[in-house]
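Chains: A, B and C, in written order; residue numbering restarts at 1 for each.
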């Protein structure tokens, strides 16, 4: 190695745009780190693959064929930050395309091991596997590891599985994929009204999905939350600079009937910063059969789950409730991403 | 959903017979919850499948064929109540028929997760898998989940893996299957003398197996235990109403030589209710080479394992000791159940 | 069983040579316990298989073929002594040859379970699997279990995965395999100079590798360590009796330029027995770009990993640094061992 490696601090002194260059090779995604990486055309390529995958899982033969596509590859699920559901979604996606898997799930392994650097630790795992799906509590760890591995003789793709306060790019992708499928017969994602409801300040899912959605033409966004939970200023500025028409409100019911998509999230009152959470009537940010009745018949309801009180279980049976489907879409889009990263998606047409 | 779902309390105010109706569809078992569900004819169908499976595992080609039967299905092993051996038996059964598996084994996940109901939690898992094998400490949880899932748009079969104080139906099945195989050349299960030895009051395995066995004609049952560990009154009444000839005794050696089957269990003195356990001579309820010598040459010895002192290790080499075989039979009967539930057992004849 | 089984104490009162006889059947290894078991001819047979395996993993078809070789076998990874990396190396090796796996990794299971003996516990696991890879903290436990299982009606091979202070035979094998591959074009392992550096007194890896290496002709060994960390007297005597030319020194840089292989290990100062560790300048036992520059161009650097300060990360890019390759070689040699133990290595030639 001729050059000297950047330290963690040097690496992150670069802008996201510059860092992103590292994650591509010959015009293809090499590592999956940030939602910024997904242009509309790349998303639509992935949606097509995911549609294809979903279709194939309907028949035993299709399932067998899918499992043959990456049966020569092995994935390491490095989840030193615990998350049973994201873990299982990725595991299922790996199994769907036939990958063998190993797992590291002990949070204590995210720190030093017998004095070994964590970088060495991850490099050890990269020796045994062809891909690492990583969720680690240390900010930026995934990205920095991808950088370090790229500078060894033997790199493998890394996918960010939603580490710490970092982005959760596959969650954003599955949200968009669910919008795409739901609006397929109805003009697509563009030219629709989207409400985001709940804790918009700290909810990581909303932020990433909003970023992806802002690329589509003529989307209007409604941010519905008590003032102390409204979206961050930088996100608001970014959206306005992108030409997105936005509305901030704390009156859910006044906008509900006009929405094409209502994206619900938890109001994380346990983290309330202002101390005023006790004085807020959270129930007005909930969906119940009563207010769902006022929604458009073509509208959809999303939720990244888990939910608490913000969607009443009676709503589950409503045909507009898409959150359980959204969960399954997560598996299809992750499987699609695996096929894409290993460049075997074209083989789907052989079936 | 037109109707309102029953609460947990409403659900369990129904009798087992009424609840059982929920677990069948088109005359076939959908969920595996209670030993009541197994009639002699269903058991014999399962025994045939298990025999077939066992036979096929003798050759690499047979093993490969078995693994092709359910390679398009995925099982979730939801073991929030830890049990390494039952877990491994089910895991091996799943692998035997080619199923991919995921697991949830963290007991802390059996309670609320970020305010999410456990029902939602299990529904999440059902999104990723085609079957759930469940062992959860909360009484009735498996059954109630099966009921709730059946009322969603997407249900999957649930198998009770021996939850809490609930029944352990697959343990009872493997006991009966071992009796079936052992007596195959000797007139079958009917018309034999069975002794059940040890803690008959709280031992869950005995209760379930006795219920299944009581369906067979002309079985005589001997219950061998100190008075304070004798079978519960309701079970005794049930057996008598079924016309089973029963004998209760605390003198093991007086009945041993007449038995066709001796089913040993641990005397769980750690839970002794009466406080008299210290005054009981437990050693008289043990099997050693000495008293085994008095048994019929065609008799068999069963034990659900793990054992402590009640069977001396020297007995292991005796041809009548069936408990290690019983353990392996557990894998075959569980594999048979998987093939049955997914209705692919007929394909065994293609081999 | 006619004879009485030896107790643990009786068993280990036998010499390693006598015990080793138990691990062979018809001239083939049955259990993998000690590095003593590996003669040069057996090692070279395994190296050939490993070369073959490595070659085949380069192409999807080769990977598929490998996975077909043992897809009818199941391995239990019994790691009641935690070790993530050895576990993952064995797991990957199992997956490489198509074996299904189950795992027991809860250290609490290494002790009594409901009063059950650990022997019974392992026998339970042997019922479900065709091979046990075992790492348990109790000294000699693997060996004694192999002995006990051999005396039941149903034994399965056991591989020692580096239990406690027992030997770690597969680590020694992978060290030798790396030497073999590195010197393939350069006269092979024999007639070379090897330095072992670091804690030579307690480092288990060094001891086993030195034993295997001492079988080769004309190897010279240099032991580089502070006096209080030098090799044990019994090992020194053994090497001299084998005719190995040895040199002990605490001056690393004086010998470095003459070496063909430098085997680095951690100086485990945390365990220093003499209390003098603080006064020792450990940095003189480190490799840095500076002193690596003085090494022969054909030399190689090994390290069992994890490392701390003893090899500077800048050395990683040097073509003589073989430690990351060594790690991957561990998977190939373990896969080779699996194929050997199940006697299917000949089938590699079908490809």
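Definition applied: a contact is a pair of C-beta atoms (placed from the backbone, for glycine too) under 8 Å apart; a residue touches a chain by one contact, two chains touch by 3 or more.
What you see is a predicted model; the values in this text were computed from it and never measured.
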Legend entry - Turn needed to bring chain A onto chain B - CA fit, degrees, nearest 5: 120
Legend entry - Numbering shared by both copies at the chain C-chain A contact, with half separating same from different: different
Legend entry - Computed distance of Cα centres, chain C from chain A, in Å: 42
Inset, instruction - Send over the residues of chain C in touch with two or more other chains. - result: none
Inset, instruction - Mind listing the chain C positions that touch chain B in their complex? - result: 1, 71-72, 74, 76, 100, 102, 104, 106, 109, 113-117, 120-121, 123-125, 127-129, 152-154
Inset, instruction - Spell out the part of chain C that touches chain A in their complex, as residue ranges. - result: 60, 63-64, 67, 84-85, 88-89, 91-92, 95, 266, 305-309, 313-314, 316-317, 324, 327-328, 331
